[in-house]
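Note that the chains are named A, B, C, D, E and F in the order they appear, and that numbering of residues resets to 1 at the start of each chain.
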Amino acid sequence: MSKLIIEGAPLPNLPWEDRPAGCNAPLWRYSQNPVIPRDLLPDSNSIFNSAVVPFKDGFAGVFRCDDTNRRMALHVGFSKDGLHWDIRPEVLRFSCDNPEVGKWVYGYDPRVTFLDGKYWVSWCNGYFGPTIGLAWTTDFEVFHQVENAFLPYNRNGVLFPRKIGGKYAMLSRPSDTGHTAFGDIFYSESPDMEYWGHHRHVMAPAAFEVSAWQCMKIGAGPIPIETSEGWLLFYHGVLRSCNGYVYSFGSALLDLDQPWKVLARSGPYLLSPQTPYECMGDVPNVAFPCAALCDSATGRVAVYYGCADTVTGLAFGYIPEIIDWTKRTSIL
Amino acid sequence: MSKLIIEGAPLPNLPWEDRPAGCNAPLWRYSQNPVIPRDLLPDSNSIFNSAVVPFKDGFAGVFRCDDTNRRMALHVGFSKDGLHWDIRPEVLRFSCDNPEVGKWVYGYDPRVTFLDGKYWVSWCNGYFGPTIGLAWTTDFEVFHQVENAFLPYNRNGVLFPRKIGGKYAMLSRPSDTGHTAFGDIFYSESPDMEYWGHHRHVMAPAAFEVSAWQCMKIGAGPIPIETSEGWLLFYHGVLRSCNGYVYSFGSALLDLDQPWKVLARSGPYLLSPQTPYECMGDVPNVAFPCAALCDSATGRVAVYYGCADTVTGLAFGYIPEIIDWTKRTSIL
Amino acid sequence: MSKLIIEGAPLPNLPWEDRPAGCNAPLWRYSQNPVIPRDLLPDSNSIFNSAVVPFKDGFAGVFRCDDTNRRMALHVGFSKDGLHWDIRPEVLRFSCDNPEVGKWVYGYDPRVTFLDGKYWVSWCNGYFGPTIGLAWTTDFEVFHQVENAFLPYNRNGVLFPRKIGGKYAMLSRPSDTGHTAFGDIFYSESPDMEYWGHHRHVMAPAAFEVSAWQCMKIGAGPIPIETSEGWLLFYHGVLRSCNGYVYSFGSALLDLDQPWKVLARSGPYLLSPQTPYECMGDVPNVAFPCAALCDSATGRVAVYYGCADTVTGLAFGYIPEIIDWTKRTSIL
Amino acid sequence: MSKLIIEGAPLPNLPWEDRPAGCNAPLWRYSQNPVIPRDLLPDSNSIFNSAVVPFKDGFAGVFRCDDTNRRMALHVGFSKDGLHWDIRPEVLRFSCDNPEVGKWVYGYDPRVTFLDGKYWVSWCNGYFGPTIGLAWTTDFEVFHQVENAFLPYNRNGVLFPRKIGGKYAMLSRPSDTGHTAFGDIFYSESPDMEYWGHHRHVMAPAAFEVSAWQCMKIGAGPIPIETSEGWLLFYHGVLRSCNGYVYSFGSALLDLDQPWKVLARSGPYLLSPQTPYECMGDVPNVAFPCAALCDSATGRVAVYYGCADTVTGLAFGYIPEIIDWTKRTSIL
Amino acid sequence: MSKLIIEGAPLPNLPWEDRPAGCNAPLWRYSQNPVIPRDLLPDSNSIFNSAVVPFKDGFAGVFRCDDTNRRMALHVGFSKDGLHWDIRPEVLRFSCDNPEVGKWVYGYDPRVTFLDGKYWVSWCNGYFGPTIGLAWTTDFEVFHQVENAFLPYNRNGVLFPRKIGGKYAMLSRPSDTGHTAFGDIFYSESPDMEYWGHHRHVMAPAAFEVSAWQCMKIGAGPIPIETSEGWLLFYHGVLRSCNGYVYSFGSALLDLDQPWKVLARSGPYLLSPQTPYECMGDVPNVAFPCAALCDSATGRVAVYYGCADTVTGLAFGYIPEIIDWTKRTSIL
Amino acid sequence: MSKLIIEGAPLPNLPWEDRPAGCNAPLWRYSQNPVIPRDLLPDSNSIFNSAVVPFKDGFAGVFRCDDTNRRMALHVGFSKDGLHWDIRPEVLRFSCDNPEVGKWVYGYDPRVTFLDGKYWVSWCNGYFGPTIGLAWTTDFEVFHQVENAFLPYNRNGVLFPRKIGGKYAMLSRPSDTGHTAFGDIFYSESPDMEYWGHHRHVMAPAAFEVSAWQCMKIGAGPIPIETSEGWLLFYHGVLRSCNGYVYSFGSALLDLDQPWKVLARSGPYLLSPQTPYECMGDVPNVAFPCAALCDSATGRVAVYYGCADTVTGLAFGYIPEIIDWTKRTSIL
């Protein structure tokens, strides 16, 4: 593993905290969690399941901020250090020539990736049910919305950060209209970000006997990270107890050229809801990752994840260790 | 709003705590919450969803006290300051000439109002399913039970504190036999507290996209407060997440003469379960108001609300501010 | 039983067919069933669950006729012999001063009774859910709609044909918003057909081990028939198999002065869906009575019942025999 | 309507039977129904939900034939007159270069259209759940399977018979993994039969109060028929009674250039399950159209529809009459 | 197969009808079906799911006869020819010293086998839920009830007709308390008909793609028939459509000494509900076998099966053909 | 009660903490709870629902330790004081000659009792669904697995610590395949730990109105404790709120010779989830006892119970007090 190559530019200023003494887990929580409190905005009920990317000399992001109507909305935010955020109080509105597409119903759980010179946002977009909305920006001021990628009903659409085989590529999770009780991850590609096809099955939930935390449904989390060992994917999994759903997350390695082929998949979770801010809130027992910042030079990674659908948490690790652990614990 | 008139006698001795520094919400929690702990009685499992009124030089109330069999019961209590309560350990039993009506099955979630010289209690009364029981007292010693107001299945019956258009008036929420997954607020009137009719639809749950905390079912809370702007109603709303129900509460203004006409209705919640004593307990994530004390001279209001179906909380605000906020955030 | 007195005028011209040879059941089907086919009207999908009464020198009725939109509607009809019907193609519309009440949403399953000089119609009326609508007519041309009797959710409201204890009286079955999986019969009274109260429980479903055809829900059928042995009530009962609901009907005797007291209740069904027109149609396996014509002089009775929610059937019997059988097979 | 133009070649030899005396419905059943019995093949349990097109001097088709294992399969068949069919006993297998796409899991409910010189088959194709499979043939011997059009979960994919706005066009109904309890019709387009996008909402189920037979879910039936009044679409609708689902079908007119715009939509059904072979079988109460043959010269149309998921029925009508009726009864 | 040996005495007088011309199915229906009508007893609603055995110079049986209360009961019956039955009108009551065991709650779906000189009856017996009751008789007059074989919840307990490995042996299907949506067949053994153990799994439902008629639950039918090819077992299987359950039946061969090992299992059904008396009745779409009479000399077999939970049907076949067919179509 | 005799050897070194000042409940929590944290093993997600017994000069036990794959497993552990545990990191594997029985699928919720010179372990064992596994050991090194006691589906199998009436005896709770929504306690006996029969009903859930915490399902907890007043049984009960299941526990006295006869049964719970470690974790609101250590000389008892399906708690009491309280509060 010593020769692992991580693609992408160095990011020496990513938010970071060293592994605590006595901890030997591949991922550890930020000691000041939640890094973003529920009421950072004057009228916010909760801020969680949000995406950040390096931008200029700091960071920018698209944030899921539910207001105290419990309406879901997206907001733009900026930060110098990835820890202290200036989230704009006004709701993000997309520019769109076509009102059939651009009419806003609801949107949540955004992801952001830099791709071909633009920052692309994908999110769960309301269009006669949940589907995957797409938009791009260069400045985090104006966002240009394009066609929805798929028919309803879909959630957790996550773009890859570069074309693969000459095509744009996206992971997503077909769903139903409600609190979907099933969910596999699929892969789709597009020549133009407008028409999508070549749909491929990537992963199903694991067998209960093999890895119960991911036995009911799974969904892609942050933008996959390209390494010489494959695409590193953080993904959430759900277990249903007699008292509802438990959302944890783990990791997988996908083939670089054919990302629908899974090379390794962690049996244990990387992180499950165990702290009060993960166990208690609007939706108890949720840890849901949506973004990761990565320093290719040192292999450090910082994962942003929603906690109890209420606040945002941060966790840290080293990519080489996580890849090694993913392969070692793989259930394939 | 400076000319707002609040009906009713001054109540200078209502329980009160000033707004904490830095808080600009229209309602704030009592710093010593829960004001009533779960085990105030020797055998109580929980004390919550209870009603209080001014009585003599202090306060009296009817309390929902579940015992450690988890049986629901009503108890009478008294207090000098509204904060420290002497709850009678014996279960409240109603006097009733008619055993068909007066036979006790179960009762919970009481409200109390002073009306025409009597203190009227309404509660969810077991009669081949839940319906609305009615009784009156003058001394909180003897309670005279009259006919149930409606057929089953009903909950959250709340009387208005005076006749409207010459008729007694009540809000209620038709239900089913179980953990009802729907619920609108209706208005009914009666010439004699015996026969009820002229049923009117008041409010349905809000659309999910508009105000999600109240999108599954809603129900009236404390006795409406009469003001020159209309009846001020605190009411609870329920959202169903994949991990169960979340009970929050907001406010509405009803027309003084035709209270089934809603003048304003808050989009945001006034208070949602966010503290450990609201999020953790026998039923997690519940904030459920049943009574409000109001000082007409100063506009101060103290709201009693059940927390996690386990303990009783107290919150404070100014009625003019709340009315202003209700109108400003209205979703109508 | 020879001295049984049946109240009401003689009705020598009621539709009739003698008991077939070899049959000793208390009720037998009309050999020309279905007496009303599904497509008697040009656009009707089905005609069933309808009510008839003697009128002038023949009969009149209010019919549930669903059109080929599968919209439920009520129609007026007339007949000389009770067998051949002239159903008016235009939808029945009620006159009502109050648009809040009179606004038509939907209506179905009517019953009609002659009471205090007027023909009163009760039906399942849509008002933010199903409830009991009420209207009267003297000529079956103009129908005057009054207040709904109850809050939603209710079905199968059936008036008694005279005041009891000086009050109007009605049976009904509180329900939920959908294909209600429960249902008891209740009794309510009113001084004025406007305000209703004094609600009493009459009958619950039977235990599965005792009488399974009526073990899930029950509801009153035709207007009760007054006899010296009590009110004779035909009522439907529902059993749920793994393939859905089965609607049969039986009979009960209610106390004359306190009709919420049940004197006898048949364990067997009088009639269950067994013929193709009862087993096959829009809702398979339904026999649902809504009206009965009775000749007090001879004791003959003709019961109209909906078949498979598609057509109308007719069955015949002798009231003294049915009363005797009800008492003999009673499960009380 | 006298000037109505129907696109397409004349088809003088389509199966036909004149309207029976006394019938004035826009569609009437073939007197020899079921036209295809359940056991036409030696091991077939049922033959239904199948598609036929003109081919050479007669007709060809793709048939859903479940065997007595109750396994779903597609078979090819030929007929001289459209009434008597020679269905090939061997299962249809598609040629496909890509095993990820071509691997057979299950397939059912085919539609066939002639488009750009090829016969295109669309069907519900098992690929980690139901989605829309696509293949073409020129001879009904070799079928070339291409990419699935959409992500799972989808059913009732129906191609238009020509490009619209320069794009291939398809209707479909996003679904869930089981006996889906919801369903809207959507429109999608493709430059190349490979990538699909520009998804548009076409129709939702109707309100229960407006047209109940189509109030739970709807789905496109045969290939739309192009006329000067718009695309004539036959589509099925589903009502859920307490005894399960009822499948009927009606008609709609779609804008020629923007087919997601509905110009008219029949409130009544054209045909609902009423005969024994529609009401009784493996799935009672199903009438489900998948194909229509049309003679543009005379306006005659013959609709093939599955009956009770067991046999195939045939019904006849005149397109000008159906269009006129659709507009006259429209619920838009 | 010419050398197939069938154990047991010849039974030349079993009911029989030759295969109809043109039929080449392994099982064919009796032309006079239903062999037992629903109303053979004066108060019977239905007679079905019943068991018969050779007895003296004719046949005896235990019959499930639901009365018109829809109460389930068992009755004894006798017949000379297996076609015309004299069913005793009085309910079968078991003798039992222990009231804890012998108290009658309900009983249904009996099987009977001759074993060690006694006729043993097993049935679904109500004891705080459904379990397997056991009793023996020598004369079909007095039945001696012994301990229930298992804890609740269980159904379809079927004894083998001889000891296996020195132990009594039984098949059963663990269930839940309601319309169980799952069900595997298990094997258990006992040294003494009193204590049971050594439980072994026999068969699960088939995969939907392989044999859909048996994909939701399965259960043993008649007493297994011993042959030189193994135990021939008729068993029912259930498919759930959107309109409820469909009960068909097929066949399997079990290892003679280790009957939990399945040697062959038919993919197709032998018989599925297709006639009006199987498709229409109290529970539509049910064919449920409970007994088989077999003539070892000729290989003829007569299968009694419940139809639509309403009447009893009879079907005929040749055991060598059925065994051959079972092996040829096996899905193992 | 002063003459109460508790069977069994003295156990002066059981873990113990005196009743806290001001507490007068019959059971109190250990001040250092949770006595076993979730991560005592390197890869454990949770340690709960586990059983301990006196062993040599200290204690031994079988522990449910789920790993971070959320796979359920059993582990052996030892302790000198019952508070600090050395749990073996390797998974417990049973020795079994018969692979049909011994094949490991999953196992959880063990109980251990010393009986006839052996330590017997019973647990919920996966064998085509949950059933009751049985094994014995003498040294907690080698465990000899014998036949499963019952058919699936069963949970909470608890052996009595001696033969009763010459037979081995066990309590269990028949279940279904999932998060079973029902559950009674039954009693079964065996001559040889191999075959089981003589099944008797012991207790059903209580009526909601009588003791709501145990109104949905109940199950035996630790090995029953023999006293001169009967067998003292701790058992859990479940209430279903709109936010899921709540597991509490109470106590009952069973007849010494006929333990299916309940002599007393506590209406109140002994302990319900009230602390953060009981209310918050993988399954919120669970207190689930599996073992009790008892000092017969002093009457002291220490109860181990699972908390929130995450950690293990300890509670203390005096058996004479608990028996007295059980009788005093009995709901029988």
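Convention: a contact is a pair of C-beta atoms (placed from the backbone, for glycine too) under 8 Å apart; a residue touches a chain by one contact, two chains touch by 3 or more.
As the structure is a computational prediction, the values presented were derived from the model and not from experiment.
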| item | value |
| --- | --- |
| Touching both subunit B and subunit F (chains) | A |
| Partner chains shared by subunit A and subunit C (touch criterion as defined above) | B, D |
| Equivalent of B-F within the choices E-F, A-B or A-D, defined by over half of its residue contact pairs recurring | A-B |
| Averaged-CA centre spacing for the pair subunit F and subunit C, given as whole angstrom | 56 |
| Centroid distance [mean C-alpha coordinates] between subunit C and subunit B, Å | 40 |
| Where subunit B touches two or more other chains, by residue | 243-244, 276, 280, 284-285 |
| Category of the chain touch graph - line, ring, star, complete, other | other |
| All touching chain pairs, where touch follows the definition stated at the start | A-B, A-D, A-F, B-C, B-F, C-D, C-E, D-E, E-F |
| Subunit F partner contacts - residues on subunit E that touch it in the complex | 100, 127-129, 131, 147-154, 172, 174, 176-177, 180, 182, 184, 186, 188, 190-192, 194-201, 204 |
| Residues of subunit D that touch subunit E when the two form their complex | 38, 43, 45, 66-72, 105-106, 126, 179, 243-245, 276, 280-285, 309 |
| Residue ranges of subunit B touching subunit A (in the complex, touch as defined) | 209-213, 215, 239, 241-244, 246, 248, 267-269, 272, 274, 276, 279-280, 284-285, 329, 331 |
